[in-house]
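Alright, structures below, take your time with them.
Two complexes come next, and they have one chain in common, chain A, joined by chain B in the first and chain C in the second.
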Partner chain A sequence: MTTWRESLQERVGNGREIHFDSGRFIRENITKSWIQTLWLIILTYLTIAYTISQFRSLPFTTGFVTLVWLVTVGLTIYNELTRSHNPMTLWLKNNLYSSITNTLLSLLLVLGIIAAVWAFIDYAFVRASFSRIPEEAQAILAQFQTPGANWGAVLDNMRNLMVFRYPREQTWRLWFVLVYVGVLLAGSTFVYSQERFRRHWLRQVLTGFWLITPLLTFGLLVGVVPVPGETIALLINLLIVLAGLVVLFFLSRLLLSRFPSLIMSFVVTVLWVAALILSVYRLSNNLTTILNPDIAWGGLLLTLIIAVFAIVASFPLGVLLALGRRSQIRGVPAWLTYGAAAVLAAYYIYNNTLPAFARASSILQQLVALWPLLFLVIAYLFQKYFRGNVVALFCTIYIESIRGVPLITVLFMSIILFPILLPKGMEILSTWRVMVAAALFAAAYLAENVRGGLQAIPKGQYEAADAIGLNTFQKYRLIILPQAIRTVIPAIVGQFIGLFKDTTLIAIVGLVELLGVANLISAQTDWLGVRREPYIFLMIIYFTGSWVMASSSRRLEKRLGVGER
Partner chain B sequence: MATTNATNTNTLTRAEEVISCSEVHKWYGDFHALRGISLTVKKGEVIVILGPSGSGKSTFIRCINRLEEHQQGEIVVEGTTLNYDVRNIAEIRREVGMVFQQFNLFPHLTVLDNVTLAPIHVRKWTRDHAEERAMHWLTRVGIPEQANKYPGQLSGGQQQRVAIARTLTMEPNILLFDEPTSALDPEMIKEVLDVMRDLATEGYTILAVTHEMGFARTVADRIIFMDAGQIVEENTPENFFTNPNNERTKLFLNQILHH
Partner chain C sequence: MAELSPTPPKGQQSIPFWRDGRVIGVLAQIAFVILVALGTAWLLRNVNDNIGALGSFRCADGTERFSCGFNFLRIDAQFDISESIIRYDPSDSYGRALVVGALNTLKVTVLGVILATILGTLAGIARLSTNWLVSNLAKWYVDFFRNTPLLLQLFFIYFGVILLFPGIQEAIQPFGLPIFLSQRGINLPGPVFMPSFAIWMAFLILGIIQAQVTWLFLGRQEQQTGRSSNRGLWAVASFLLVAILGWYIAGSTANSQGILLAKAARVREFSDLETLVLGRLPVSELGDIDTAVADGTLSPENLTAASLQICAVKEDSSEVNLTSQLRRAGIPYLVNRSDRLDQATEAFAAGDCEVLVATRAALAAERNVLENAANLSIVPIAETPVRIAVPRIEGLNFVGGIKLTPSFAAILIGLVLYTGAFIAEIVRAGIQSVPKGQTEAARALGLSESQRLRLVVLPQAMRVIIPPLTSQYLNLAKNSSLAIAVGFADLWAISYTTLNQSGRSVQVFMIVMAAYLTLSLTISFLLNWYNRRISLVER
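The block that comes next holds the complex of A and B.
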């Protein structure tokens, strides 16, 4: 006599055996501990309650999802019992329905996600107004019980958000720069990513174009023109500068071949930097700008300019700081350090301490007057921890002090302190100060990332590079830095993404970039009080920018074979 | 301590001595790693340095191309004194090639780039010339087909042979081997030793630190036994293995020849 269980098994199982010990299942998955039972009761109640409430607001979707869930759960259970999974139910069993909790949570989460997405679509599209006329927008929104988004605020102010106060008659400059950078970018993506172009002249031409792009875009955006009446002077100065650079080129080649050493490379680099600064200074006397960057640059334009400058400028600086911090060069000898400290201490003791002692009225004042002894303490610490290595000392102090203050502090200092430090009469625009401050800030963080990468290179690489005869510069350029930077690409790109978004802090120091414009929109009479929509737009822009950077970095890593070679 | 001058140096001129070290001392902090090493190597000689671990063999070899600095004594390589002068060091490193125990290939470059890197940047050859010479040496060591692969895709023996090709493409006069086969399994050891044997017969001056006794016995012109930072014994291979002079050497040979 077959039991009802066996006959059920036969009928349902279609001949396949069902292995199910219901007692054991309940014992292990439901009543194992009272916490588990309690949790499952709560979860089941929440799921049912949420499903019913969602059913009221979105009947079709909820019904569909619940139906699909029920069917797939049933199928998975059936397949599990008969031990014959197809790929879909196997995946479901392993990923979504692996336990009772997970099964219920799957339904809950899918419904939750659908609710969130629908709420957003509802707010942003269904109940929203896309009109750019304030009155019309009000009329449209008044139709709904809960008004949606007022996109008119963003659409009407699109030009403000993008370029803020850039003069309308000069807009062609923006389009020119955009097209130029776009074409260059498209060409580079094609040429740089292919192996067969590795040493092609086309690639070198493109690299040349990228090198002049900063100056070119700056010149285009602010309209650099010769001062009227000084065109001839400009041409003469240009010739002088070019001749000087050519002479410097051959001179540096001569010096480096005669005295190949790290000191000479350093001297030559300093000479080149000085020469370039002098050239710019000399030429700038004959050039003038049509537009003032402080006024003309705003909105997304300013964000991009500051972010790109900070990213591009901080990278070489950060690498140099990292190398400097790790340098092993012979330092200042001990006798020189202590000697200089002793001389300074003696001088200040004679000049400051002794008179202060005479005037002192308390122990505290006497102790404070002994400050010149700190020179000796500093000398001792310098010798002990840096072995007299000035480069490492400077790099460490720079990195640690910049990392110790927030970006906003650095920005404020740059805006306020800079003018005090400059010689009288010399003015630097806020835009430049902020750009330089952001670059210097990022360089400190980047230096630590690169230093981590340098530490990851095995010592054998340095030795092999030495053994085959490469000098220090070649060793770092060809062997060490390529490997080190490949290793820390994720950290560096993360740093850049953070920097891109940190440009929003500049709104606090007075420059009006993207966030600044977004804040101003709600103060306009047309769009008074409309705050949410500009921020949503900002969110989209920053997300897109970050996404583009992150995916480019993934592609770059793949092409460089990071983690594979 | 047997000095090389005991053998028939009367007929050899000073110009034939490619490496001469006299009373070389090196300290690592307080640890006295090299205690007065004096050695002369003639052109074309194959010298194998044996010794227990910690005896200073690798340290001594690495002093010759300035991967380590010696504090006392003099090292002269092909007429150039080894000191703090960067130009001297660069000159010596151009003529002295080194093969490491851990291969130390550059993982981000292809095999061909690994081999042509130094000739292009140090000897200033054109890319075509460097590649032609590189392919010649890669063929000589037996792996021309691996030229466009990355080191990570090669086996240990192949990597070590690429390292040897990288050294040879620079056309050095002196080759230093720092336990080249210690990181390889027995089958690959033979590949590398065959290459080293060929190089020895072609007239390169070779200083090898190795534990391969068979290689030492058959290929070496002189065997140097070091212990605790000093040269304990210098001898020809036959005499060294059959009739060593020093007690310490006998102890060492007893230990190793009974595997």
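The block that comes next holds the complex of A and C.
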């Protein structure tokens, strides 16, 4: 007497053996634990209920998907029983149908995803209007019971979103900057990545071009032109400045070769900074700007300017802060700290506490009047945690204060407090205030990331650098910082992506960057109340930007071998 | 920098001072201190020049003292705050307004941290699922929310979703649940605690102790016999048993609730109310009311006239107790709310309603005050420790349940979705950091899946998860300041209004910075303590 199993095998098995132990199957997949049984029952109910409800709204698609699901599940089960998978059923078994719950979940999720995607396509394309004329858009949308997307608001305002109120006759500056940076970028990716250009002069030329790019783009975008009539004077001043810089170059080489020491490097650096400031000052007498950044810069242009400035300016500042926080230079000796604290405490006790005690009316006021004693407490903490190192103290206070407050607070502080902190009558544009605030904010976060990288460098590297006689500047430039920064490239790029996204907060502060323009679109009479479509467009822009930055960082990491050594 | 150059032994040439590391270090610090001191002095002089004119640090007696700068906190605020946990009205001081803001920030932060952790953990675990669809859905969620700015998400949720919800009458109810999404925000059913909750709480604590005892006892049995005894199930079951027992005991022994109504209504217990209302309606059963309204035999005005009229005090738990029982029985009712019990009694005496609901003690006291006390009777009403208040449309607003205003809902949902995506990545990285050999060894030892997760994977994963999790919690606390963009009155929004109105920008910024620094330090302190507890004790 053949069992049903054997007869089934004969009819369906096709020559292959069927392996199936029903008892074990039930024990492992259904009744292994009470949670599993419960979850299975709930999931079965949910799947059936959802499939039926979807069948009512999208009959053909749901029917098709369910049919495909049934067929593939059947095929996979058959192949699993006969232990002869083909690639498709093997993938299905491993990824979608690995257990009963997973099978049901797959159907549920596929139907859910199809419903969501269809709803979005319906909103964004089928029921949408792409017309840039408001009346026509209204007419198109009125045809539907629930109107879809009104993309005309975005298409009509594309120039606003990109550059907002940049004067039309000056648009050539934007195109110049775009082409210049594009060519430079393309050239650099080609030259820097190739081995044969390792010591080529082309590399140094490109580096030179990159070094003048900030000044050049800034000058172009803000509309720097010679004061009319003083072009000759400008050229003469330019020649003088260039001559001075060349003289300074040879002088510094001479000094550094005659007196090689840290102090001399410091003096030479100070001379260079002073020379650059003086030359800018001298040239600025003959130059004037024709564009007001507060008015002219807006939209995506402002976002990119602020993001790039903050990223570029925060890098050296952040590295300096990280090095300062970890500095090991010998600190102020204890007798000096406690002495100064004692003197200050005595002075304020004599001047403030004693009169306050006489005036005090409650215990609380007496306690508050004893505040000069805090000087001694501060001195003790200073000696204990910072070993008297003032540089480390200030860097730590700066980093922890900036990291403990929200960015929007820092931005508002810069907008409101800068006029107070600068001498009376000195005006500084909102755009500069926001750019400086963003750079200072980013520097604090970057400092922490770089500090993590510095901590990962083995002490042997420092000792080896000292052993071969490098001074501090060379040691950091050639040995320590390259390794440290390479280790934390993922964190730094994440920081930059965060900064790019955080430029949106500037919309709250009053400057009109990309998000600000998107908010203004819904206030236009033509497109009153159209809010979602500009936001969706912005999400696409930000997502693309962040994605590009993240993937190029991954490529950079792979090229530099981050995490391998 | 490694070792500083040591003093050369006697007889050798000493190091010239411009190359001596110690001298350079000290000189650099002195130069640094002088620079910082000069810079600060210059800044302070500018500040003095610029706001010395405003006199904001000036005291009443003309002297300039630091503490006087904060006297403005006692002035009346004269602006309104849209939502607040404690009582506030515009005649309160600036100081109280700032406290309201700080409490609102705390509310958002605490709720946000809890919900974001749950969402992030689920998404992180989903990311590691073997199901291709589940893991990719989690991946798309994480990628989308990490790569778009938070403020943009907030604007979209607030202006593009919540403010476009329909009006109250057409409130959306997702999946038919009693959750109402409307222009007034999100209204959920919420618990209301009756006086007998204290008794039930005692039972709950007893239940927890009982569950612990069961757990330990069965654990000892497991060790002795070597067979697993499903002790989790038994512990949970014993807790539930005690909790349910406590529920009925607390409910039946409590008799603090009652209603006051005329003896003429002939109501002796709750079921008599049903008869009373049925008598006024042209239907034979309460369940037929809906069909009667639908086919026109019963007009809405007649239904309103026949409904049970109740007088109650605002936000009183007795009202929720009575109305939830009425709702369960299907009896239509209307509520007339007053601010205080004596006002409710006046309304009752004036005839605005037929039933006054409060605790029996309060009702007895009120009945003595009324004129026709002899004609009034107090009917006891059953109570359970917790009643669920379901939002109900009354007039132009929802009443009852948990109300999330549109601004609060927007900032909470935005923060939770955004931070949840980051936490998902952290959890995923943490779980993946545990070497695969640990899982294989656990399986080789015969540990079940849940044992493997609980005893082997999670303790090791937690050590990698906690430090980045700390910074994500800090980010959430700081990002809550974006509430100003969606109109939620958190600390920063109120500080900004205070700053603009009082003009004391320096002082307000000092207060705000101190508050946020305290919040950040508290969160990192708590999490660092937990981190130290679970960190590896190294040799």
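The working rule: the second predicted complex is superposed on the first by the 469 of 565 C-alpha atoms of A that agree within 3 Å, B and C clash if a C-alpha of one lies under 4 Å from a C-alpha of the other, contacts with A are read in each partner's own complex, and residues count from 1 in each chain.
Here, contacts are C-beta pairs under 8 Å (C-beta built on N, C-alpha and C of every residue); 3 or more make two chains touch, one makes a residue touch a chain.
Not measured: the values here are computed from a predicted model.
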Open item on the list: Just checking: does A:246 make contact with chain B only, chain C only, both, or neither of them? Give me first, second, both or neither.
Closed with: neither
TODO: Applying the touch criterion given at the start, work out whether A:482 contacts chain B, chain C, both or neither, answering first, second, both or neither.
DONE: first
Open item on the list: Once chain A of both complexes is superposed, is A:546 in touch with chain B (first), chain C (second), both, or neither?
Closed with: second
- [ ] Return first, second, both or neither, reflecting whether A:34 touches chain B, chain C, both chains, or no partner chain.
- [x] second
TODO: Considering only touches as defined above, state whether A:561 meets chain B (first), chain C (second), both or neither.
DONE: first
Open item on the list: Looking at A:469 after the superposition, I want to know if it touches chain B, chain C, both of them or none. Which is it: first, second, both, neither?
Closed with: first
- [ ] Based on the superposed arrangement, let me know which partner A:105 touches: chain B (first), chain C (second), both, or neither?
- [x] second
- [ ] Could you tell me if A:501 is touching chain B, chain C, both of them or neither one (first, second, both, neither)?
- [x] second
TODO: Have a look and say if chain B or chain C is in touch with more residues of chain A.
DONE: C
Open item on the list: Going by the contact definition given at the top, which residues of chain A touch chain B in one complex and chain C in the other?
Closed with: 261, 463, 466
Open item on the list: Going by the contact rule set out above, which residues of chain B touch chain A in the complex?
Closed with: 65-67, 86-87, 90, 93-94, 97-98, 100, 102, 104-108, 117-118, 121-122, 127, 150-152, 166-167, 170
TODO: Under the touch definition given earlier, write down the residues of chain A that touch chain B in their complex.
DONE: 199, 260-261, 458, 460-461, 463-464, 466-471, 474, 478-479, 482-483, 486, 560-561, 564-565
Open item on the list: Give the list of chain C residues in touch with chain A in this complex.
Closed with: 1-4, 18-19, 21-22, 24-26, 28-29, 32-33, 36, 43, 46-47, 49-51, 67, 130-134, 137, 143-144, 146-152, 155-156, 159-160, 233, 474, 478-479, 481-482, 484-485, 492, 496, 499, 505-506, 509, 512-513, 516-517, 520-521
Task: Partner chain C, residues of chain A touching it in the complex - done: 34, 94-96, 98, 102, 105-106, 109-110, 113, 261-263, 327-332, 368, 389-391, 394, 400-401, 403-409, 412-413, 416-417, 419-424, 459, 462-463, 466, 472, 497, 501-502, 504-505, 507-508, 515, 519, 522, 531-532, 535-536, 538-539, 542-543, 546-547, 550
